[in-house]
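Beneath this line is the structure, given in structure tokens, with notes to follow.
So that you can tell them apart, the chains are marked A, B, C, D, E, F, G, H, I and J in the order they are listed, and the count of residues begins at 1 in each.
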Amino acid sequence: MNHREEVTCKILTEKVKKGVSWQQVADLIGKSKEWTTAGCLGQMTFTSEQAEKIGELFDLDENDVAWLQVVPYKGSLPESVPTDPLIYRFYELVNVYGTTIKSLIHEEFGDGIMSAIDFSMDIQRENNPAGDRVNIVLSGKFLPYKSY
Amino acid sequence: MNHREEVTCKILTEKVKKGVSWQQVADLIGKSKEWTTAGCLGQMTFTSEQAEKIGELFDLDENDVAWLQVVPYKGSLPESVPTDPLIYRFYELVNVYGTTIKSLIHEEFGDGIMSAIDFSMDIQRENNPAGDRVNIVLSGKFLPYKSY
Amino acid sequence: MNHREEVTCKILTEKVKKGVSWQQVADLIGKSKEWTTAGCLGQMTFTSEQAEKIGELFDLDENDVAWLQVVPYKGSLPESVPTDPLIYRFYELVNVYGTTIKSLIHEEFGDGIMSAIDFSMDIQRENNPAGDRVNIVLSGKFLPYKSY
Amino acid sequence: MNHREEVTCKILTEKVKKGVSWQQVADLIGKSKEWTTAGCLGQMTFTSEQAEKIGELFDLDENDVAWLQVVPYKGSLPESVPTDPLIYRFYELVNVYGTTIKSLIHEEFGDGIMSAIDFSMDIQRENNPAGDRVNIVLSGKFLPYKSY
Amino acid sequence: MNHREEVTCKILTEKVKKGVSWQQVADLIGKSKEWTTAGCLGQMTFTSEQAEKIGELFDLDENDVAWLQVVPYKGSLPESVPTDPLIYRFYELVNVYGTTIKSLIHEEFGDGIMSAIDFSMDIQRENNPAGDRVNIVLSGKFLPYKSY
Amino acid sequence: MNHREEVTCKILTEKVKKGVSWQQVADLIGKSKEWTTAGCLGQMTFTSEQAEKIGELFDLDENDVAWLQVVPYKGSLPESVPTDPLIYRFYELVNVYGTTIKSLIHEEFGDGIMSAIDFSMDIQRENNPAGDRVNIVLSGKFLPYKSY
Amino acid sequence: MNHREEVTCKILTEKVKKGVSWQQVADLIGKSKEWTTAGCLGQMTFTSEQAEKIGELFDLDENDVAWLQVVPYKGSLPESVPTDPLIYRFYELVNVYGTTIKSLIHEEFGDGIMSAIDFSMDIQRENNPAGDRVNIVLSGKFLPYKSY
Amino acid sequence: MNHREEVTCKILTEKVKKGVSWQQVADLIGKSKEWTTAGCLGQMTFTSEQAEKIGELFDLDENDVAWLQVVPYKGSLPESVPTDPLIYRFYELVNVYGTTIKSLIHEEFGDGIMSAIDFSMDIQRENNPAGDRVNIVLSGKFLPYKSY
Amino acid sequence: MNHREEVTCKILTEKVKKGVSWQQVADLIGKSKEWTTAGCLGQMTFTSEQAEKIGELFDLDENDVAWLQVVPYKGSLPESVPTDPLIYRFYELVNVYGTTIKSLIHEEFGDGIMSAIDFSMDIQRENNPAGDRVNIVLSGKFLPYKSY
Amino acid sequence: MNHREEVTCKILTEKVKKGVSWQQVADLIGKSKEWTTAGCLGQMTFTSEQAEKIGELFDLDENDVAWLQVVPYKGSLPESVPTDPLIYRFYELVNVYGTTIKSLIHEEFGDGIMSAIDFSMDIQRENNPAGDRVNIVLSGKFLPYKSY
């Protein structure tokens, strides 16, 4: 386990102990709950100011706070095909709808990709009498392949 | 290659020849472009009426039309980690944000999953002076794990 | 090993020491032996009341009891093809009978899946002169794919 | 593709053309729909009488009928982790509940396995106001490990 | 490493220290050297009497002795294709002769398997002027697939 | 499919058509049923005399007969972990008993292997009131590692 | 093999027959040899004008020319770890220098990636008395991760 | 974790604590930032003089300094397909452009490879009004296959 | 199968038909049997003169002869761990002796590799009363890693 | 990490500390440097006399010395396709030349293998004005497959 992964573990343990929600952490640093959670789970890089606040909240030491500001080796899953049912459903969507998404984006935009870097995500509950729904909006800049 | 995959190939070849768009196919059968494309790419099951129309459009024979109404073995990708850059970006999002999505949904809804079956998807272009964006809305029913 | 996995280990060690059966744990919290065992093995989420009782039974500390109430990263097997003979037989059933189950469910219900979330399982011994049998009843809600 | 797999393909194509159900095939040979389907999908071995009837129903030639009586190389899935959502749910059950099933069977029977050979399966629809359910009963002889 | 694996490690370390042979352990508990070794290597389940004797021999504590009586998660190899040359030769035999064994057993017995549970193994040295030979007798009950 | 694999396919098809047993093929060329079957399934190399006889029996052409005399690329299974239940049981035996076999051979012979080349195999039915058994005798020369 | 892969095969066969170089193809359509080659090998999308010229050069039919204008499923290698020695060396560079490149780019630019889409490549021979060298310049836009 | 990997960890932790840049480490030992970083990340071998200086900078003990001079087992990535988005882009380039690079180098140089050993790399920022770019120059000696 | 692989197949079929040895092919083109065989098996590139002679010997057409002069995608094995016993033994040697070879070459030469490109191989029979031996001499230029 | 692997680690650490060469270890026990190194790296089994001397040289305790005399689980590489460039080159040779070696040995000896057990290896430096070379002689007994 590298140092950043240890910081992730400490945060998770403290979060359970203290009973804080991700929304509260997000409010503390003034960012969205999606980006903040990803950062606390070791996927994003915090500014020193953000890192200090998070460190204080979760009783991290100075060294840990420094690591929160170092760009991490990203990838949050222990296997290439995730076993967790919730996460697997998203893998399944990529598998079942992958060629559909590709075909529709190319038809609209031409050759290129939807960026996963210039990207944001928003997760909301939709109340619904037939059972509440999870709504997730993915927004990524289209990046065209150009000839050269 | 099984029979349904052969039908997918025929549709793709005819689509290139005839220059129809997925939106046009969707309009023909009165469904969304997302679901229609997934069906034509071998992931969904058509009603006999839908299958007839698609068969006519793409010069399919009677047998092919029958296969469009049989539930397919789903999964549209040739590898478990997709090599195509556009599709890979979605795999990467699952990898980088998977634990984030899991954590936020559980915090909001408790233990359970977002259904990939009672599910719909909408892909739109967002005009943006800093570069147009792809916006994808995923909507799935929340299914709770219950104790028994 | 994450914190929840450590709690699973503690439970297993204490269970061997104390000689309690899963049925006894299930009776303690008033749930089925199947769901209770899955929860103790790190696959389900307990209510605070259930967690307290389990914690007491197995001498868990306060922190461990908190983790029993956090939704775990699910998946109980160390490999994608299980090596243990008892568990492998179930993998084999999926492999040998997978397309059969798929074909029969689709013929009866149309396109869709049997839910693994809105699901329950019951394991019973059937006394039989030709050798006792294991009877397992799987019951899952049918979830239809719908067009949109 | 080996000869038996070609017979499976022929059966599937003829079944779609003729619109017969698996139950009808089962009735024809006087066996359960589960075993009959598995046989037609290349996983079981037919007697010459059964093979003749199936060959007549699906317009198979004499050679194909002979192959239906040869023990096949079993395994019906193209990947070790199935991509099809319906079949994957069963893989997921093995993954999430595998250690639970193991633990409960051992507690009841001691060391051994549930046979996947001396085995039968029954798939039924359960009408249910909250949504119909798929009920699957797995019944396998318990085979004990003995010391020697 | 789970608790049973730790017990296996302890046994191996003590065995090297004390210089006992597997045959001696087998004699101690009155079982074959094959079954006894498999048990000590974490693949079989001992009775309390056997476990006590083994615990005494290898200086195990009470807890370890309890674990020897718990059914283990079986599978003794760290990879799906074993790297150790001696063990690989057996994997190679399965690979080279697998379809041969299958074909001959089916020709003699019909569809079914040779049980790996109702099974025993005997390993003997055969003195031979051209170089001594290892003779291994595998004996497993034939289990027929039956139609239902 | 390479040329030798095509010859294997032809032999299997003709064998089904003609209804010959492997024992009959073995008798024809004066070898054991085990070695003969392995050869016909593309794992062994025939002499020209043996190849001629087999070619005649199975209506092979001159070219096919030549290929039977060329050393084949060995390995008879389509996956590294076999899906067929009969063959898997042998894989399982290697997995469960692998370290046991290794340990016992080393204790008897020192460091080295049991040859899979200077090797023979004999498969027999053992009549048994509790259910007939498959008995397989593996005999391989012990090859010692020597220091140099 | 999909339709675009068939076009790639045709181009390669015609290129060998006609003895044209990639530079000549590039000159014909007025693009770099790197991009043109990637396009002909099935990784890029041509305009109709480019496709017409390439079709004429390589005797492609109208249908093939249409496929050159469809965005392909990208990925040119048959395995995830390439076996070809020339291509493997680049895989090795990613493996040996991957964390170095990551660390240096992050130190210079902060968190983000070098785009593989807004990207160009230039391959040149450098004459060198100690042995000529291959010089490859990779140029990709830096895309920063931003918080949101 | 082997000893050299422990030294890499120590260096990374000290580097974060002290806030030194790789360029500063490189200046200290008079080498390029690319080679120096690769060495500190456990991929290259230092001379005793270089190792001493690095040891002093990062508070390594004598033993660690000795290990910096031992040739390491190379390979810096935890998976064969890297999950980190920055590093994956390079893997993607090998995948998308691999056959292109191969084809162009062979056309220019004949059969052979670009060395990954007699190799150097230079990473630079290119200021660009449309967004700064990462420019990477790879330079490797061409090594021809010769007949013999 | 690409075009070069088809040429390999043709050569193998003709070689069996005509009964020529690799040594004879090598003599025909004046090269070693090792390099010539590798070339005929699709791993090396022939000059036009060599290709013509081989084409004549094996009745190849003009197109095939052209492909023999195109640099092939190298790699002759269908799996990453070879199943063929003869080839596996070499894989095993790499596995068992890999770190030994690495350690001894580094001790003698410092950091670097033995080239697999500037390389030759010689296979000879050594007559030996205890059983003839295969002697293989591998000779590769040492290529040092240099700092830069 | 098992006990023998720990002994390997200790030896490596002591070797770096003491600055002994493998040749010196080999001289100490009167064996070749190749076999001695393989033994110290956990692949071979020492006699008690050899183990004592090695234990003394590397300050091993009595227990460690005992483990050096136990046959190890062989295989020295952490992945099935090695990432280290020096070791990979040997894997590449097996991949590129595997079928060549197979074909030439079979042509000379008939069906069989080159033993990796009755085997020795010799690694030498060849001084060469065009760059020194690594020469490796592999010598293994030919073991014929025989019919039975």
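What we mean here is this: a contact is a pair of C-beta atoms (placed from the backbone, for glycine too) under 8 Å apart; a residue touches a chain by one contact, two chains touch by 3 or more.
Note that the structure is a prediction, hence the values are computed from the model and not measured.
Novice: By the contact definition above, name the pair with the higher C-beta contact count: C-F or F-J.
Specialist: Most C-beta pairs in contact, of the two: F-J.
Novice: Quick check for the class: compute each chain's Cα centroid; which one is farthest from the centroid of chain D?
Specialist: Farthest from chain D by mean C-alpha position: H.
Novice: Counting contact pairs by residue number and requiring over half to coincide, which of F-J, A-B or A-H is equivalent to B-C?
Specialist: F-J
Novice: Roughly how far is chain E from chain I, going centre to centre by Cα mean, in whole Å?
Specialist: 41
Novice: Need the CA-centroid distance for the pair chain E / chain G, whole Å please.
Specialist: The answer is 53 Å.
Novice: Find the geometric centre of each of chain D and chain F from their Cα atoms only, then give the gap between the two centres in Å, rounded to an integer.
Specialist: Those two chain centres are 29 Å apart.
Novice: Which residues belonging to chain C are in contact with no fewer than two other chains?
Specialist: 34, 73-75, 77, 80-81, 83-85, 92, 95-96, 99, 102, 106, 112-113, 115-118, 143
Novice: Linking chains that touch, what shape results: line, ring, star, complete or other?
Specialist: Basically it's none of the tidy shapes, so other.
Novice: Pairs of chains that touch, anyone?
Specialist: Result for touching pairs of chains: A-B, A-C, A-D, A-G, A-H, B-C, B-D, B-G, B-H, C-D, C-E, C-F, D-E, D-F, E-F, E-I, E-J, F-I, F-J, G-H, G-I, G-J, H-I, H-J, I-J.
Novice: With touch defined as at the start, can you tell me which chain C residues reach chain A in the complex?
Specialist: 2-3, 63, 66-67, 70, 73-75, 77, 80, 116-117
Novice: Could you pull out which chain J residues touch chain H in their complex?
Specialist: Against chain H, chain J makes touches at 9, 12-13, 16-17, 79, 81, 83-86.
Novice: Using the touch definition up top, name the residues of chain H that touch chain B in the complex.
Specialist: Touch residues, chain H against chain B: 81, 83, 85, 88, 92, 95-96.
Novice: Within the complex, which stretch of chain G touches chain H?
Specialist: Residues in contact with chain H: 21-23, 33-34, 37-38, 41, 43, 74-77, 80-82, 84-87, 89-109, 112-116, 118-119, 121, 123, 125-126, 128, 130-143.
Novice: Given the complex with chain E, which residues does chain D contribute to the contact?
Specialist: 31-32, 34-35, 39, 44-45, 71, 73, 99, 102, 106, 110-113, 115, 117-118, 120, 143-148
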